[in-house]
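Note that the chains take the letters A, B, C, D, E and F in the order they are written out, and that residue 1 is the start of every chain.
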Amino acid sequence: MRLPASRELDGIDAAVVGIPFDSGTTYRSGARFGPRSIRASSPLIWGYNRALGVSPTEELKLVDYGDVGVVPVDIRATMAEIAEEAASIIRAGATIVALGGDHSISLPLLRAHAARYGELAVVHFDSHPDTWDQEFEDQPYSHGTPFRRAIEEKLIDPEAYVQVGIRGPFAVPKGQLEPAHAGVRMITTENVFDLGVQAVINEIGAAIGDQPVYVSLDIDSVDPAFAPGTGTPEVGGLSSFQMLQLVRGLRGLNIVGFDLVEVCPAYDHGDITSILAANLAFEFLSLLAVDRV
Amino acid sequence: MRLPASRELDGIDAAVVGIPFDSGTTYRSGARFGPRSIRASSPLIWGYNRALGVSPTEELKLVDYGDVGVVPVDIRATMAEIAEEAASIIRAGATIVALGGDHSISLPLLRAHAARYGELAVVHFDSHPDTWDQEFEDQPYSHGTPFRRAIEEKLIDPEAYVQVGIRGPFAVPKGQLEPAHAGVRMITTENVFDLGVQAVINEIGAAIGDQPVYVSLDIDSVDPAFAPGTGTPEVGGLSSFQMLQLVRGLRGLNIVGFDLVEVCPAYDHGDITSILAANLAFEFLSLLAVDRV
Amino acid sequence: MRLPASRELDGIDAAVVGIPFDSGTTYRSGARFGPRSIRASSPLIWGYNRALGVSPTEELKLVDYGDVGVVPVDIRATMAEIAEEAASIIRAGATIVALGGDHSISLPLLRAHAARYGELAVVHFDSHPDTWDQEFEDQPYSHGTPFRRAIEEKLIDPEAYVQVGIRGPFAVPKGQLEPAHAGVRMITTENVFDLGVQAVINEIGAAIGDQPVYVSLDIDSVDPAFAPGTGTPEVGGLSSFQMLQLVRGLRGLNIVGFDLVEVCPAYDHGDITSILAANLAFEFLSLLAVDRV
Amino acid sequence: MRLPASRELDGIDAAVVGIPFDSGTTYRSGARFGPRSIRASSPLIWGYNRALGVSPTEELKLVDYGDVGVVPVDIRATMAEIAEEAASIIRAGATIVALGGDHSISLPLLRAHAARYGELAVVHFDSHPDTWDQEFEDQPYSHGTPFRRAIEEKLIDPEAYVQVGIRGPFAVPKGQLEPAHAGVRMITTENVFDLGVQAVINEIGAAIGDQPVYVSLDIDSVDPAFAPGTGTPEVGGLSSFQMLQLVRGLRGLNIVGFDLVEVCPAYDHGDITSILAANLAFEFLSLLAVDRV
Amino acid sequence: MRLPASRELDGIDAAVVGIPFDSGTTYRSGARFGPRSIRASSPLIWGYNRALGVSPTEELKLVDYGDVGVVPVDIRATMAEIAEEAASIIRAGATIVALGGDHSISLPLLRAHAARYGELAVVHFDSHPDTWDQEFEDQPYSHGTPFRRAIEEKLIDPEAYVQVGIRGPFAVPKGQLEPAHAGVRMITTENVFDLGVQAVINEIGAAIGDQPVYVSLDIDSVDPAFAPGTGTPEVGGLSSFQMLQLVRGLRGLNIVGFDLVEVCPAYDHGDITSILAANLAFEFLSLLAVDRV
Amino acid sequence: MRLPASRELDGIDAAVVGIPFDSGTTYRSGARFGPRSIRASSPLIWGYNRALGVSPTEELKLVDYGDVGVVPVDIRATMAEIAEEAASIIRAGATIVALGGDHSISLPLLRAHAARYGELAVVHFDSHPDTWDQEFEDQPYSHGTPFRRAIEEKLIDPEAYVQVGIRGPFAVPKGQLEPAHAGVRMITTENVFDLGVQAVINEIGAAIGDQPVYVSLDIDSVDPAFAPGTGTPEVGGLSSFQMLQLVRGLRGLNIVGFDLVEVCPAYDHGDITSILAANLAFEFLSLLAVDRV
């Protein structure tokens, strides 16, 4: 997006931050190159956002903060690193738009945001609920567990936590199908097709109100036809148009942070997944800009 | 799907059977690697099917039967082999979920099923009717002719034969457009978009009632955006979500056999076609499980 | 499409003409191989067009004219070459179906058609308006400017100029968002999803009436899931089914020429973009045939 | 190579003939698109051959004859078609440069050439000897058997039959390792690396003398790094430079026909296999031209 | 290689063991799919090894043991798992041929083998020495450090440790270039080209004598033209022919275990890297068989 | 290579400069993304160059200057831009390492260097001589002509101009085969294989002596197996090892500038061409560093 590369955050409204970590992945690894590929696909994406009526690159002071230092072989050290770096950006007054990396990065990001804003409302676009207890024996942290951990750690207000786009076989015994917490709203892909995008947006708005909200978008919420470059593709998903409409529908919420995860370029082709991700990041920035106007 | 590999069929409900034959193909060959690729894409697909409310891998006794022996240079020898192996599986009481291979494999499968169940109702998802008389001079057998042969051989009850998803230019002289038999119902892709999935499901149900029904799904019924890895891609097709809904809509029919054909991995990317096919096979097994409940 | 290769235009209804030029491209080059790839993907596309009820390859006398000579390093020399060759084909009485190449080729084609038919109505399918003033300092000609130039040169009647499929960020300062001319109708992708295809077709018909109309289709009007092989992919686009319906909806207009541009095979996979383009060319020819009946 | 497309053979020196058949393949199918892809990769290959000192496209009258009609589902019908078409070209006085297709096409080509020239000397570049007795039970014809059949049918003089490039595991029981006939010379890849290209050329020349010789080149004789687009890749092979040198070393032999087989574009990338094949065809034509000078 | 899948090791000579772990990777992840892809590429590789004069699949009792359970997010837990499983296989009397996975898996494998055989001689094919002290601050374990750790843990006899194929820029300050231990022999790629394969084989033999030797082969020792599918490709490498010759040259050594690592299918094309790896595994088995004869 | 991005040239030894222009291309376009892709492939390439015994990133002050502004539709405007920018970098005392783009960029670079150093010696690695008179009628400038123009403009001393790696068919009438000037030395690929790398290095040294020399490396001098991502691949070429040895052999020459052209990522796979190019740029910088020591 032709943003200036800088770690100088004085007066900056928002910072794009890469988090090239994928060792939390259970199926296809490779999301570590997500940030690089999304940036490479972004040079054509700037200017005026007709749908939202703003020019975020003009109306906001933005930087590309570069990448957080990660340690592929140590998820705990990486999480500490992410949380600390995120906290310092938040303290400097900039809103974070984090580019993953796999979904395990959301937990330290939620920690840093909750430390500043208290229990967070969350809009979570995904095909998987990522609220498993453990994917691997005795391993609390991986890309399938961050939101369960976040509820347990009271980073998320479960009553204001909305999952959108869930679908696919549920890889758990039938007896354990209950969500991580009774209050969590799960809007499946089937719901989106049945009710329509506007109804879903209304439901999100009703659940969240004006609480500080964190937005986490797993690119596999979109169908693999539109986003093949991802680690655990799930067929029967949303189109890119539906996803753009859903994100634009968050206009007016009190958004305090974003992440966009699971872009895995090795399985992409023609860069269409990275281009979609770069456009979604542009919509995130537009949401911030529209709040200013 | 983490099924046990076995040819021991005692007490088995259903058997997944690979048929790696593609010499019946007229355009892009390569479907012989369909079974291998669908299996490789299946390890994440198991557990609970939310849409149908069943866990097929728990509720059914399933095996991966392995591949039928085929002879690339001899379609008649291959057809005999398929028919014989299929007959023995049916006799053992297991329902066949056959993974092709090109569409020419459906004829021997229909022969084996009709020998056991009599004239079959058929739900046939495809972009092409595959009811040509001859694609090549004097060659009765190829991937464009199995359903015409099956009608002629009285394996199919034409009044209970429904084609879904037909589209694209019709490569025949205008005078020969009539279907293979007056009773055959052809539901085009345009019909699906116009009428909606539920209306199509109702029409299928009305045509078939409680007859024993065979389901044949050519992956090219889905649009090449969602299923690029196929031999004769036809644009303007169904989405993967529509196809999943259509298959789930077969719930309640008296299904006696399945095939899933024309997955051609060499033209796939990011394995999205194979992943879709593995999910459709999971839906097939779920249909069998839901009948049990 | 198995057309005879010939430059003999006597009695010919329409000529498919390749224009392998891509030096007007600002992002991904490679559209020079569009004609070659579309032709290679066309052998299965012939016969009867069910949707329009015609067999264009039977009802029209068609030729594949081959490629216009282009000069990669000189856009002005190339434009002169295109205009001259197009004029001679038009004089011979054949309708041109031009296969690009990048969108800069439309300007000389419009010049040749306007010289014969006067100010043209235009239906322009695209995700970008291509009515920039200058993409590069002091360079009037590139793939982002042809329609502005054409309005200035009075080749197009702005009141009968309809753009369909526009979307994406607008890479211009906010103050310069006005269209190239007050009369131009811009139907965005969002409009198509909101209003439906039939309403859009009606709007096009109302704007154009029975004026001679030129149809220009940039493949990036379709979403990159369906058409990844293009130079400036824009997410959130139309499906291939919607595009086919829109093109078929032009039935009854007085179409005098076509182009189909920005197919870039190096970013395609499984040839799905080229196959879509070949099908769209088949629809173009069907539109000509249906007018004859 | 910018050859005129024509079936008019009067006064023609050599004809390039496509044979798009791959149902004789035992592993990866797809060689049916070999002729199309080799032709598409040939436009830059023409002019002066420095190594051999000739300009074949100037010094010979050449045509692109187009493709032989094949029947994917019937290898015997296809073989009859090939033999008949080849015989008619040979009768017209043109030397055939056949582009496959899989290696099973060599048998009917050898039949046609032996009918005209008697028992043939053969130079056979390949990583596999293709002299199996049967790959499939009771199937005499497939891409692994043509040269054994040709010896049995006395189309080849075994004493003047040289195999070059053989390597890889031998998929036969140890007791059956003897060559198809005692006289056959097998020069392994290891021999080529050890002895050097010139020694191999000398050995070929010594074996063949001035007998009429047929040249059959399976692209898998070259290492998959240089020729990934093939059906049964065999690692540890020759470089493209070595292969070019070996082919040029055939200068002076009395060559009466050529084939070039097993180019499988679906597994190619960047078209490097097709470009290599097109260059080898150019060398074949140069060998014919150099004999004229 | 058509090996029986079994964990029953009674009387088994050698077991192929997959280790699908890649969280030790510092650049491109994805080697976790190495075992799956190598197995899928192996069906054509069996029978008689002409170069070594043995048929390993006939002369040895072999099994495919399946994959070791790994924990992507925890390298220490994974290492413990590998060491334990390897120890139990060794105890059962089977020689391990381990398929990685990234190079970090060699350390636990060396631990298991050293526990049985004492300090090991090692032949280590690689473009990188993998004897870094730490790639990441305070992280002793990753794919760049196993051999330094192994020397420190006295698993390897440094005087009998030979590295072959080293090349490329050395990503360390100039002052730290000394090898991990004075006795280690480093044979660079340049040495191999200069001295020839036979001289290198002689040097290996002289260093190792009849000590028990472990062979570790990183596929990036081969040039990326021959093995593009790997995590840290290093240009200017060995050809596949040279690597085959080097491995065959180990004949006669007292080999007690093997690993083959860093095959990363997402960056492969036409499966050429996996096919090479499967062939190298076949050579490993042949080395075991030839010792028996 | 982790170089600082800067246009501040004070005290800088060398500047890496991208020139993303490919409208001079006659076959496959796409080299405009060469600079982006080479940079993305460079993060692992730094530290100590064992072959030349230097650490260029430590011993030199280096910057990544970013890209020169180019105008895809106007080769003359682009050439003026390149020449001007290059002249200003040379004036600031930094040696240019230019990353193309197509080979037409060499002419303005030669102009800028000759303006400073007088007639230049040139080492030109390429499979094509690029000394055509005109590729397109009346077009003096394109990627096939820069060196002929440079001789005509007296930018190059023909007696000190050495071409290395030439091969392939010569696409000119036989009568026009003479080189652009009698003094030019052409060392073909065949010469390199026959004489060996060291003899070629000696011949280059003898021709050039201590004249100021410009090095131009077209990546297609390397075989497409090692460098598939290029516009006009030419089979039968050098290995990457040979090319590295040739470049290192330039040690001791008085090199004043470099370019590295024709990397075309759209035809690359696994990024192996870009990784090779990044390594060659590292060798260029090492040559500069070694002169300092």
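We adopt the following convention: a contact is a pair of C-beta atoms (placed from the backbone, for glycine too) under 8 Å apart; a residue touches a chain by one contact, two chains touch by 3 or more.
Please read all numbers here as calculations on a predicted model, not as lab measurements.
**Student:** As a test of understanding: of all chains, whose mean C-alpha position lies farthest from that of chain E?
**Tutor:** C
**Student:** Count the C-beta pairs in contact for C-D and for A-C, then report the pair with the higher count.
**Tutor:** A-C
**Student:** If you list every residue number at the chain D and chain E contact, are more than half found on both copies (same) or fewer than half (different)?
**Tutor:** different
**Student:** Using mean CA coordinates as chain centres, what's the chain A-chain F distance in Å?
**Tutor:** It comes to 43 Å between the two C-alpha centres.
**Student:** What whole-number Å value describes the gap between the mean CA coordinates of chain B and chain F?
**Tutor:** Spacing between the chain centres: roughly 55 Å.
**Student:** Suppose each chain is reduced to the average of its Cα coordinates; what separation in Å results between chain B and chain D?
**Tutor:** 39
**Student:** Spell out, as numbers or ranges, the residues of chain D touching 2 or more other chains.
**Tutor:** 223, 225-226, 239, 267, 269
**Student:** Pairs of chains that touch, anyone?
**Tutor:** A-B, A-C, A-E, A-F, B-C, B-D, B-E, C-D, C-F, D-E, D-F, E-F
**Student:** Which bits of chain C are touching chain A when the two form their complex?
**Tutor:** 27, 167-174, 177, 188-190, 193, 223-226, 228-229, 232-233, 235-237, 239, 267-269
**Student:** Quick check on the complex: what are the chain C residues that touch chain D?
**Tutor:** 5, 36, 40
**Student:** Write out the stretch or stretches of chain B touching chain D in their complex.
**Tutor:** Interface residues on the chain B side: 22-26, 28-30, 32-33, 71-75, 77, 104, 136-139, 141-142, 266-267.
**Student:** Where on chain B is chain A touching in the complex?
**Tutor:** Result: residues 43-51, 55, 58, 223, 225-226, 239-241, 244, 269-272, 275-276, 279, 282 of chain B touch chain A.
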